[in-house]
Amino acid sequence: MPVGSGDQSSTLLIAVLLVPLVATLVSLVAPGVGRFFTVLSGVACFASTVVLVPAASAAGGVSVGFLRVDALSGVFLLATGFLYAATATYAVGYLRGEHSTVSMRRFYVGMNIFAWSMLCAPAMNGLALLWIAIEVTTVVSALLVAIENTDGAVEASWKYVLIASAGLGIALLATVFLYYAGSRVLGPSYDLAFVPLLKAGAALPETPVRLAFVLAVLGFGTKVGLFPVHTWLPDAHSEAPTPISALLSGALLATSFYAVLRFYQIAVATLGPRFPQTVLMVFGIASLALAALYLLDQRDLKRMLAYSSVEHMGILAIAVSFGAPLALFGALLHVLAHAAAKGNAFYGAGVLVRKYLTKDLHRIRGATGVLPVTAPLFLLAVLALSAMPPFGLFRSEFAIVAGGLQSSRNTVAVVLVALVTLAFLGLATATTRLVYTPDPRPDGDGAVAITRGEVSAWMVAPMVAGLLALLLLGLYLPADLTTLLTRAAALLGGTP
Amino acid sequence: MGPAPAPGLFAGVANVIAVVVLLIEFGMLRTALLRDQLRLYAAQSFVVSALAAVVAATHALPELYALAGLSFVLKVVIVPWVVVRLMRGTSEDIAGSSTLGVASAALVSIAVAGFGFLAVGALHLPSDVLPTTALSIAVAVVLVSFVLMVVRRDVVSQAIGFFSLENGVSLASLVVAASLPLIFEVAFLFDLLIAVVVFGVLMRVHHRRSESLSTNALTRLRG
Amino acid sequence: MALADPSLPIAVIQTAQAVTVLVAAPGVGGVIARVEARLQGRRGPRVLQPYYDLAKLFAKESLAPRHASWVFLVAPLAALTCYLTVPLLIPVLTTFPLPLGYMGDILGGGFILSLAGFSVAVAAAESGGPYAQLGSSRAKTFSAITEPVVLFVVLVVAVVTTTDLPYAMAATLRSSVTQIVRPAHLLAAAALFLVILAETSRIPVETHTGTNEFGMIDEARGFEHSGPHFAALRWGSAMKQLILYTLLINVFLAPWGLAQQATLGSVALAIVALLTKACLVGVGVTLIDNSFAKLRLFKITEFVAAAFVLAVLAVLTLYLGGG
């Protein structure tokens, strides 16, 4: 595929942001058709983001009006696009059948807008627009979390919207302070676009940038799920409908992390790498440690996966704090691989929950016997999440640790490996028990008779796709993707 | 030894207005009636809008007039109206008892606000538009609104706490980013409106489920 | 000037300060009571009624509870003496400091006021009467919170003027309008106003005309006193009110109309101005009295906490330079 001409890429970019809106409209008018249209829209978006990769890796990226996609945004667009397509497919199976009490129309309208807002965020050229896009993701996803209208869902949704909105209030404050810093150089009125800000980076006054960066890490960190502002995350992830959990975990957290990265870029340009890296390192280690401890003793399947998300966000923060190009490369690859793996894990969990009608880890047993395809896929997804070879996360975490050693952050690298191992212990114990321990309940006894067999092919297909993606990322990185990741890592490292 | 220099007439007035915003925030900690709290929020928004208009007039920033007008319409009229509409039918007027007594909450808030004051004051961020004290006060407003959200145990108070947090941020942005392009300001306000609607919807849902506005029932999810 | 304005010796002015407060205090109270009655649609007592009351009380005999010691009888006089001392320290009539003004600073004035309150409280405890003790213990409890507020207000004065003299604060205020609109000044004035409401037993802290013993704070303290001693106590409260008003007016709110030269005319004018301003403040207080309800006893901490918040904010804004 030749590098698309500027016009073509611009059209494609606009298409990525228009298609979900069309899908929203269709879902609003005809929900029955809407679900298939959403699948189409997801696949189209993902395909477009893939096609956009070479253009995004080029110097300057693609920009149309207030939209701009460079290599860094390209990575996050890819992750979101993939999960959008996979989740749209999964949701067709999830909403089928009598278990579902969710209004199809509301669900699809919400999901499409949610995906749209998450695709918008990395495509925005400017911190103010980025903040707005992320705020939209919050309010839309809060409604989606509550959509099943159970006690737990409403509680989780309320906590989520309150904590995340407050966090975004802080992030807005960060944006305002950064605007202030910029106005000292760029004149009183400008639009917070990235490129001029980065160019002016060295000349910006230090104190407000420092303040803005800390506030941004805290504010956007609320949505990333960094300790100590992660508290909404396990609740929302466990109580949301599973397709939404997958999007929250794989795409939303990453998108919010993208916002932190943009602030990081500017902070590095102004303050040098030391201060921003230390801040990220502290938050990263704290989150990772907390998540590893919570993973050790977790009773709830979806909460376990949620804490695993906190863990991986911690890893991302630490990876960026290493600062070495290799570590940054690893971090961005991690974003992609985590999206695929966490998506898969949630899809698997969703099937398990549908089958066993419980999220309690102690009551789901003998899954291989019941779900011949999903159970192994779920196990593989969890192994992938624990960075087992040959999956993408192994490659990314390897790169991160190697990068850490390269920039002689040996202690932190060792702590990282130790905590990840601890997390692996928790995850692996729970999952193998769930998959291999035979079900103590004799067949046909009691209230719940569990029949053997998959719930829906629609729910299996995205998991297979996810597995393929994980293998691809782990075994053979396409050249275009390597270019994209290298370029994005260079952007993060401070190359203009 | 002469008297300490005063900050000048405009700065003095601006600081007083900012202090009024902070005092209203403290007032919210005290009020027990939800409607009163909403009134205080409207008053606070009004003061912030007025400050925007004052800045517009004194610094020849005509865009800020539009912002002041818009934020007046939105935050003084529409948001309270929406919340009142949503509260209608809940037949609850009294805020859930807070975790702290009013006096203790006030003391905690003083400490928190003092921290904000000194922290921001120590940064020495000069502004062309408003005195730096106003910035410290804005940060104090944000911090006290956090206290409000933490100590209150009902959804309406918590939501109003968040809205007033936004007022604090608006105040801060008047100080350090008064010339932020209008389009962003409008977008921020629009976002606030969406957030208000979502908060409202969730309030309703919560009330339908638990027959109360208290958050005491929201303790199921832990660990 | 066509009119000859004979100059006055400083000592006379000095005395005039104390005497003005002593003589005018019941009158100001009378005016306020009258206005209050009018606001409530009553005709109200004569303005001079407090003087008649005092005269009547002085004509009666003094009784003391059986077990009370000499403290009980000395306390009202001690309080009265304290209230006579304070006007010497604060700007009552003149813009320029009088010699005895240097005897004590604003903090000293505060201490003397507290001493007066303390002696009354001791007397109440001495009496053994349950209501008196109730009132004095309540009064002391709340003043434990109002006194830090006063200290913060004093601190504001000190930082603004770099002195601890109330005269300097007033002079600073007169110097420029920017000193008036600064938040530190307004907040400190508001905090002081709230403290004065509490100290002069006004709504929302106390119904000063009430007869319900359970809600009483200050009023209950004099229950066991009688005759001239009770008169001294009553007179003392009236003076305390006027002193506090004077402090608020001449240091924070409106330090205008004071005598600038030591001449008879300007001092006389200053006396008239002071009493007019005091009555105006009194009317303001009365308006508050009529618009709000009394707080429950346990809610009073909220009220004083509000004063505390104001005072602390005043100091904080000031320390940030430019408050």
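In this document, chain identifiers A, B and C correspond to the written order of the chains, with residue numbering beginning at 1 in each.
We adopt the following convention: a residue touches a chain if its C-beta (ideal position, glycine included) is under 8 Å from a C-beta of that chain, and two chains touch if they have at least 3 such contacts.
Here the structure is a predicted model, which means the values were calculated and not measured.
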> Touch graph across the chains, line, ring, star, complete or other?
Replying inline: line
> Computing the C-alpha centre of each chain, which chain sits at the greatest distance from chain B?
Replying inline: C
>> Counting only Cα atoms for the centres, state how far chain A is from chain B in Å.
In response: 31
> Between chain B and chain C, what is the gap in Å from one C-alpha centre to the other?
Replying inline: 36
> Taking each chain's centre as its mean C-alpha position, how far apart are chain A and chain C in Å?
Replying inline: 66
>> Two or more other chains touching the same residue: where does that happen in chain C?
In response: none
>> Touching residues of chain C toward chain B in the complex: what are they?
In response: 159-163, 168, 171-172, 175-183, 186-187, 301-302, 305-306, 308-310, 312-313, 316-323
> Mind pulling up the chain A residues that touch chain B in the complex?
Replying inline: 128-129, 132, 135-136, 138-139, 142-143, 146, 149, 151-152, 154-159, 161-162, 165-166, 169-170, 172-173, 176-177, 179-180, 183, 188-192, 207-208, 211, 234-235, 238-239, 294, 298-300, 303
> Touching chain C in the complex: which residues of chain B?
Replying inline: 1-4, 6-9, 11-13, 15-16, 18-19, 22-23, 26, 30, 101-103, 106-107, 109-110, 113-114, 117-118, 121, 131-133, 136-137
>> With touch defined as at the start, can you tell me which chain B residues reach chain A in the complex?
In response: 123-125, 127-128, 139, 142, 146, 149, 155, 158-159, 162, 165-166, 169, 172-173, 176-181, 184, 187-188, 191, 194-195, 198-199, 201-202, 205-206, 209-210, 215, 217-218, 220-221, 223
